[in-house]
């Protein structure tokens, strides 16, 4: 399915979630008969949702709340909670920054060093609540802090960067050897972003339990304008799901979980991610809209405060309900921001599927969003 | 005509009405020689128009008015007219709700139980006027109320849901067996929505007289954002029309009517629906713009007040003329909202066709709306 | 190059001028060496431009002015100039109408009967100035008025409707037999719109000297929304140009001129029309922007005041210069609205062509307008 | 990869930078290990950036500054610096012109004759600073001024026009014979714009050291609206890079540099230009945003003040930082306008490449910008 963009250079057409839609099929099913459970390694979850390790989304408190609601909150160990003993005032300052000063001030705020003891303390707080504990480091910081993290007691270890490859080359530092690292670690590892079949296959071969699919494609990211890099999510998830199938055969049965990470703003996007083959989704903006979220209506990622090349923005996402309402409803709005799992359940029921794994096979069509005639009528409102 | 959205997952390109256009052919015809009549079962209509069972469109009074104008008004038996003895004040309240409270208040208003005696009363009122009587229930409510409805005396029984399948699976309730139900009922049944060849074929095999084509794609729907499901109408109607042809052969001659339902905002859309193979169209927003419409310039569907997962909005559609002007003209506006049937007649004449059935064969082109150079000039106005 | 829009219905992809662009080739040429002359029948023109028979564009005075500038003004014989002895006040009233009353009042104004003596008088006025005389009737009025027109002395007779076919069928009236009519007429006839290969071939066989290509696709038209009919101009012109080539062979050498009519808002569009195979262009909005134009900054076509189904709008186009500046420059604006022929000349030179006929072979690419990165930067202005 | 736009006329699909994106691959690399050096003829540069010969971008002072930052400033010898002894007041006047008078006044300002002695003086000023000296003439003026230029002492001679062909035909003047001219000149020549394989091949055969790829596609250009000509940059660069490869073989080893020129507004665009095969980029708007730029927040090209057919606009681009920050960072904004080379370096590192030449092979996908779901969320901000 390649096209020629000019003489001698070919390119695939890649699809975003907005380019596709699920279509109903022959059968329908009662939404109450649908299961949305997901399990990775020894851990089971009622809902296939991970909260993204971003300061506007996951604090120790929301990690606990999300765990109790059946999902998994992943704490960012390079964010405000491990740089500041009392980050609340810093969070408040970030929310109140005028647009023109936001990037520069966030660069200063995040220049504060990470403290190992705060890592220990935050993880302990989550663990004490009895929920599954997950925390994230970037590949650059993994060697420095992983033993602190493991000692503090995480159930799932997340290594997350814009792009993480199994083969990082550096003439300056000794790079993290992912394969050795994962082999020696007792804790299961989820690693990414990866956006292609090949990159994901190599990550799967390191022994990772799960792969994050994405490349800075979230609501708060400007990767496309700054780096010229873009991995439309529908194609990326489909490709990595195929890598999972091929690796399953190659490895003689190791099932590596595919977790869509980025650009999942509405329940419709979550439905499409799973329809493309994801086992679970990692949500940022969608959960930053919760009344309990530390961002309090604002959302930003680590790339927003990169010291030399910020590649994201602090965006206003608003507040639409409690974490419980956002995940499990009921909804009093109809824009796909509330009752995300209710919508997933209903979408599965309407198309006749009863569990996540089956639903990965649902039929989709290519139907770009802008071609919808209803837009014309709405705009007249 | 499939494309690969990634490794191992293929998808068809699906088309909305805005993606296509009818093209003139060799011959032209006098508009006065064109027939727009349509008949289903024993019932004949001057115009191939059904008014959608939505509270903003069909009251007993507008059902009668539309019948007298040559079409068919379908009363929603799960709306305000069967929940409230005097729904006028509730209609007025809905129109006046501020945006931020609209969904929540509508959820409360529609929590009022349906009364069997009001079903009987409303149907009797329409019947007394001497027009063809049609009324709609959802599949969920059909078993509870159908005998009331039949006793009240409907000519056409409509079973309408977002998606209705011939094979609904539930571990909780005994599901409606459509095939047995229709077989035992004396009244012809129109059923839908269905959006694919396969789903429609199965509905045709239940014995339905007509199939509604659509999946919540109307002006007031947010199905795509909430459920990730979308069935672009041009492709859906073409597919179901092909199911009609194949079933006609399979059944040895049973012609099941294909009724496009949703996303038909202008006369141009109606033209395209028939060009794609529809025998008739079910209109919502287009008729909600009538001065007599109960919505009084506002429009909403049942999915706008779903208790847990609302999937639609109350939208402002304005008022553009009387039902008579909207259907049969004359028009004093040029935006495709008035004189719908005059426009259909002229479009058929301009392309040389003389009846609806023939016009289903007219040539169309793929020509997305946004590619139109006139937009540039208009925006300068 | 057909696609399947659903099971059993195929459609061609059709292209608008905005979907394509001319590309430079190996050679360049001095703009002063380029010829833009055009001739049809015995008549020669410096520039391949006809002014559209619309009241906002052509009055007897502007027909004369355009003739003197090297083009051909076509007077609408069913407009204000043949309905009113002194149309100036009516023109002024139309310009000043508030939007909401415009269509209705224009319907009334154009209800005034056409006067044969005014036809005679207007044509005489143009003839007296010594320029080539052209005037237009619709097919519906041709039989009633053609002898008046011919007696008044036109050089070129234009029969122009939204769609004109060689085979009009009517049970009500005796339809105009175009072939007999043209055969018996001494004056060469230009006829259209036609938008397809087949329709144009049939018009060519009637003996027409030229065919207008289009279907109400101009700046002031809402044909697509009202009728669902749309003929994207690039594809239409390419198709009709192919009909010209095939008919040239079939007829043993009769060259029928292809005149693009509609949607030609900028000099870039004119360039593309000729690149697609047009011999000349008929301009509406582009000339309505002249300070001498009767519309005085407003533009509308006959379909804007149709008594029952108006299919156009009175649009504000503004004023950008004199007719001379618009056609031959110099320009003091850079948006393609001024120095139309200078731009055509430069475009031909830049791509190495020296006359209109040759330039019909220039290479084009498909490159939709919205995909242009410069839009991003401009919008920041 | 051609499509049929109608019967008998085929066209290639051409791609803009916004239509494509780079995708990450298997390997990643440390950004500090990446080299962005570029050399042409005997001249070496730390960064593959030429500043476009436009009055809003390059003055003698900014040419020097850009040279010191590792790039190459190209002075326009037909701009204000060679028409006016003290152009500062004229620059200030242009910046302050109201929109409606801008084109006309710029036409007057640029009617001032070019002075040979100012050419000599400006070049001497740059040379005195010790940076590589480059200056540009149009093909029309090259014969008149080249000896002045060569005597003044340029290192690289740039011949730049909207389209420059190796085969210019004129019945009026003797055209510049590029091949002879370049053969006899001691100084290496960079020439363009060219936008196709064929045009570029012919330019390469003249002996040019580099070819500028583009056709007036920059931020300040309206070529598409005025001339109907458009060469989407991704396809143009890919095509010309293929011409470079074929000519390398044909010539037995002469490597002609491909320099993307136009439409490079962000660091993402620069990344894509190189991914398509460019050796270097010529920047206009991107550098006009510098605090030192002579345009002081405004940007325009030579085509904006063409005497008869202006084909560009003076656009407001704003100011985002110093030349140093724009080229080498650090950035305190995340929109791709600052730290252009830092972004290029990171993009190369993220996809595993270590130099410009290798990076030309990076994988790209077709993924139109508007299909991005994040837009929906952003617009809610």
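We just call them A, B, C and D in the order they show up, numbering each chain from 1.
Note that in this section contacts are C-beta pairs under 8 Å (C-beta built on N, C-alpha and C of every residue); 3 or more make two chains touch, one makes a residue touch a chain.
This structure is a prediction, so every number in the text was calculated from the model and none was measured.
Enquirer: When the Cα trace of chain A is superposed on that of chain D, what is the rotation angle, expressed as a multiple of 5 degrees?
Expert: It works out to 90 degrees.
Enquirer: Since chain B and chain C are copies that touch, is their contact same (over half of the numbers shared) or different (under half)?
Expert: Different: fewer than half of the residue numbers at the chain B-chain C interface appear in both copies.
Enquirer: Taking the mean of the CA coordinates per chain, how far is chain C from chain D in Å?
Expert: For chain C versus chain D, the centre distance works out to 39 Å.
Enquirer: Could you put a whole-Å number on the gap between the CA centroids of chain A and chain C?
Expert: 55
Enquirer: Can you list every residue of chain D that touches 2 or more other chains, as numbers and ranges?
Expert: Answer for chain D, listing residues that touch two or more other chains: 13-15, 17, 19, 235, 269, 369-370.
Enquirer: Using the touch definition from the top, list the residues of chain A that touch chain B in their complex.
Expert: So the residues of chain A touching chain B come out as 1, 13-15, 17, 19-30, 32-33, 197, 234-239, 241-243, 245, 266-272, 275-277, 329-336, 339, 342-343, 346-347, 350-352, 363-367, 369-374, 376-378, 380-381.
Enquirer: Which residues, counting only chain C, touch chain B once they are in their complex?
Expert: It is residues 3-9, 11-19, 103-104, 107, 162-173, 175, 194-196, 198-199, 202, 215, 217-219, 221-222, 224-233, 235, 263, 265, 269, 285, 303-304, 307-313, 315-318, 368-370 of chain C that touch chain B.
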